[in-house]
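Next come two complexes built around chain A: one with chain B, the other with chain C.
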Partner chain A sequence: MQGLELKNLEKHYSGNDQPTIRRFSAKFEPGEFVVLVGPSGCGKSTLLRMIAGLVPVSNGAINLDGKDITNVESNLRNISMVFQNYALFPHMNVYENLAFGMRIRKEATQTIEKTVTEAAKILHLQDLLDKKPGALSGGQRQRVALGRAFVRKPKVILFDEPLSNLDARLRIEMRQEILKFHEQCGAISIYVTHDQHEAMTMADRMIILNQGVACQTGTPEEVYNNPVDQFVAGFVGSIPMNFIHGRGILNEGRSFFQVGSYKIDLSHIGKDYQLDWSKNSGGLTLGVRPEDIYLDEHYSHAVAPSPKMAAQVKMVEYLGDSTIVHLEGDIGSFKSRFNKDLRVRKSQKLDFVFDLKKLHLFTEEGNKLPC
Partner chain B sequence: MSVRRLILYVMLTAGAVSFIYPFLWMGSISLRPMTEFQDLGLFSKNFTLANYQAVFDRIPIGRAFMNSCLIAGTVTCSVIFFSSLVGYSLAKLKFKGQGAIMAIVMISMMIPGQLTLIPLYQLIVYFGWADSYLGLIVPSLMSGMGILIFRQTFMTIPYELMEAARMEGAGEFQILRKIFWPLAKPAIVTIGILTFMGSWNEVLWPMIVVHEKAMMTLPQMVVLFTKGGESGGQFGVEMAANMMLVVPIIISYSFFQKYFVEALASSGIKG
Partner chain C sequence: MQSEQSHSKAGILFTSPYLIHLVVFFLYPVGFSLYLVFHRWDLMTDPEYVGLRNFTYLMSDHLFWQALTNTLYFLVIHIPLQIIVALALAIVLAKPLKGRVFFRATFFLPVVISGAAVTILWQRLYSTEVGLINYVLSLVGIDAVPWLTDPGIAMPAIAIMATWKNLGLYVVFFLAGILAIPQTVYEAAKMEGASSWHEFRYITLPLLKPTMFLVVVMSTLGGFNLFIEPYVMTGGGPLGSTMSVVLYMYKQAFSFQHMGYAATLGFALALIIMVCVFIQKKYLDSERYY
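Let's turn to the complex of A and B:
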């Protein structure tokens, strides 16, 4: 089988009572750009290091193009890595940094020169070859790091938060550069970040990791529209999903979500839940994205409106292309995203509706109920 | 320039002169005839190399100089090489017994040298290394201080550099040679100078293990010469011998001074 396959990978650092990575399985096709995303400390770097061969695997197997490389030395794996702080050798100039691996492998001078020149051309480093990393800007260092990964012609390139040291504007620019570079390489790219926005914009496919477990794998659209649990729902999205905590009740054979005096008939959401709400104390969380909340009467025909609810404007964040409104109502506080043309003032009292087709329901354990 | 500044400069200059003057005077006396040794000035019409001639005539000081160079040179290279190996493994690798090795290094630095003098001498005699280069060199091939300075320096080098090198196929020794040594240049120079000076100036140990003139080190010979009577109490001749002892150190220090100061400042070790 072509590609990279991880089978039930586990990592247990000695001294920690909990394993850092638990039964992680995934397949990566050649040419795929997969983003691994998760909160700090969830084990993203550990997973990359296991793939790179820098950290021994406690359990499970890694296959590359059908060969088991679980215990192969990291330099023989045909895998490159781009580190967060670039890890350029400060005492060598750009040329020597790019040539380092080939010098270690004692390749011929002409081969080295040819390969370095080629990489330098692709990454626009020709004029920087005799500079030391200390004399380069953040973006240039980043490109040298990419070049060093490229010269090996690897089958897999691992990126560990490569953009987190750059300022916001450069980061957006480098995202494009990395994607372009990825296309030229044709390798499998596995890209780690804790920035979900970066993940959404770059990924062919994303894997969401939480406490060493892969919660969900899918395209950014799938993950955004159909999160498998409350963690993923809350993690993905630049303004997090609103969670409204209430309870499920059964009334005359129909299920309702209720918080205070506000009620939504769950049969409108999709399924008719024939659940015994009293069994698990009835706790139920409603998830709604800020863009799926509408001012009453302002929604289009495509929207299936929920019953109205009243809320007061607490704060208005004007972003230029849209406006984020912080609201406080009987159902608790939540945020909504509105069209930039809509003007609301602080302390204003307004009526809102949710789009019933876009709601998510989570049990108390954070599991998603089918919608 | 403010008055405070002026006062500061005057005081600093006075301090510098009071340190340097005795050295200059020593140099001056070594170049002047015996009769002028009570003159505290630096200049004379009668400069001569006669005192140096006398030293060369009376003792094999050239041979002693070569011995010292050989011993201090070997010890310095060896301390840099082996201490950096140990420092690297203590700073960047993980292995069983690491704590114990660290403890041994620390303890070896806490025990005063005088305490180990006799057992060490017995050991050297047992090996048959008295009156030989081995007896002079082997006991100082490693240095606890060197290990600690290297460990400290290497700890500041990020793991990612090692990992990047390792992914390219570099082994531990290549990582040390191609990355850690070049990045630790100031530490290497500091340890180099401290070790070289320490070895060059060592008198006690050579006195104990060496009795043959041909194997003697420069300071040993100069001390024996000036205190042991061979100089005949001639002050100028004694100074000439002393000059031959200190000049190599001064030259090498001024050569590496830039690195040395930099390294002392960054390693937090007081000279």
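Let's turn to the complex of A and C:
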């Protein structure tokens, strides 16, 4: 098989009861840009280092283009890595940084010069070749780090949170540069980040990691619209999904979600829940994205509006392109994203509806119920 | 106005302990030594003005030149030995080895032991009759080496001891330097195919240049001040082979009561040290990266 394949990878660190990575399997096609995303400490950097050969694998196998590279030295894997802090050699100038690996491998001076010049041209580093990393800006250093990965012509490029040291504006610029660079390289790019916004905007495919386990793999749209569990639902989305805790009840053969004095007929959500909720504790969590909440007067935008509910405005965040309103009502606290033109004041009382077609239902354990 | 006055009073009060110390233990002795440079003084009679005679004598004093040569010989052995051993130990101790905290503490121990105690200990180790070193050598069939009584060996023997004594301090310096280099820089090099030697040669060593400069300067300063070791172990012998500049200065002052000449030796030594450090700064000092 062409591409990279990870089979049941595991990493155990001595002294840790739980493995850092648990039975992780994934396939990466050539030219694909895959983002590994998860909260801090979920094992994503460890996984990247295992692929790089910097951390030994406890169990499982790594195959690249059909060849087992699990125990191959990192420099012989044909894999490059871009580090979070760039890891440039501070005492060498940009040219020497780019040429370092080729010089170690004793490649011909002409080849080195040609390759470095090519990389410098692609990454706009021509004028910086004799400068040391200390004299470069964050973005320039990042480009040198990309250049160092590029000159190896690798089959896989690993990115370990490469934008986390840059300011917000530069981060957006560099995202585009990295994607352009990825296209020029044609390699498999595996990009680690804890920033789900970065993941959503860059990924062909994203893998959500939690406590060393891959929770979900899919395109950003799939993951956003159909999260497999409450963790993924809460993690993906720049404003997290609202979770409303209530109970499932059966009334005259029909299932309802009850919170406070409100009852939502679950048959509207999409599936006919003919479940006997009394068999378990009946605890349920309703997930609703901030943009799927509508003010009562705009309910016609909702495909299937829920019963009208009341809440009070606790805080208003005006973002320019939209307005985030923090609300509190009988159903608890939640956030909604409204049109930028909406003018609401703190303490104002509002009536609102959910779009029932876009709700998510989770059990007490966080598993998703089919919708 | 009043508060400004009380502020300046408070300032003077707070700095006074340091100022008193500076004047009594630094400025006054330096000033008095400078005065002595132009005088002959035997501690008993009044100082007698001699102009530049102490300097002209210094230039022709072959014992001074021998002491200076001895000191430089000591430095030539001591500094490289110190750097190589301390760097090697620091590299090993920077690795995640079992018991490294114990070893780090153990190597530092000689630094905090008094110089005189260490010197007496090594005098025993070097002894031709009861010395451990000669005993070990005898086990492999090597005749006893007269470590401290052979003029050709005495100074290297002292240099080895001085290296052992100060090693811990320089290991700590190098260790701090090595640990300041981010691990990812080594990982990046490893992924490019760098061997352990490449990592040392192209990363550790160049990035340790500032530490290296510090260690060289400190060893030079310490080396030029070589005194307690030859004073206790050999008294400057055999045949003046371990007579250091400071020991010679001490003897001139307190054995022969040539206070003026001793002060001149002190100033000459300070000048030599300044020149050496200046040269070292020119060739060794570099940018700090971390």
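Simple rule for what comes next: the second predicted complex is superposed on the first by the 368 of 371 C-alpha atoms of A that agree within 3 Å, B and C clash if a C-alpha of one lies under 4 Å from a C-alpha of the other, contacts with A are read in each partner's own complex, and residues count from 1 in each chain.
What we mean here is this: a residue touches a chain if its C-beta (ideal position, glycine included) is under 8 Å from a C-beta of that chain, and two chains touch if they have at least 3 such contacts.
The shown structure was predicted, so the numbers you read here are calculated from the model rather than taken from an experiment.
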Simultaneous placement of chain C and chain B on chain A, clash or fit
clash
I'd like to know which partner A:G134 touches here: chain B for first, chain C for second, both or neither.
second
Would you check which partner chain A:N85 touches, where first means chain B only, second means chain C only, and both and neither mean what they say?
both
What is the contact status of A:A168 with respect to chain B (first) and chain C (second): first, second, both, or neither?
neither
Once the shared chain is lined up, is A:N75 touching chain B (first), chain C (second), both, or neither of them?
both
A:R105 contacts which: chain B (first), chain C (second), both, neither?
both
Show which residues of chain A both chain B and chain C reach, each in its own complex.
52-54, 74-76, 79-81, 83-85, 87, 89-91, 100-101, 104-105, 148, 152
For a test of understanding, state which residues of chain C touch chain A in their complex under the given definition.
182, 184-185, 187-194, 198, 202-203, 206-207, 209, 287, 289-290
Residue ranges of chain A touching chain B (in the complex, touch as defined)
49, 52-54, 73-76, 79-81, 83-85, 87, 89-91, 100-101, 104-105, 148, 152
Residue ranges of chain A touching chain C (in the complex, touch as defined):
52-54, 74-76, 79-81, 83-85, 87-91, 100-101, 104-105, 132, 134, 148, 152
Taking the complex as given, what residues does chain B use to touch chain A?
158, 160-161, 163-170, 174, 178-179, 182-183
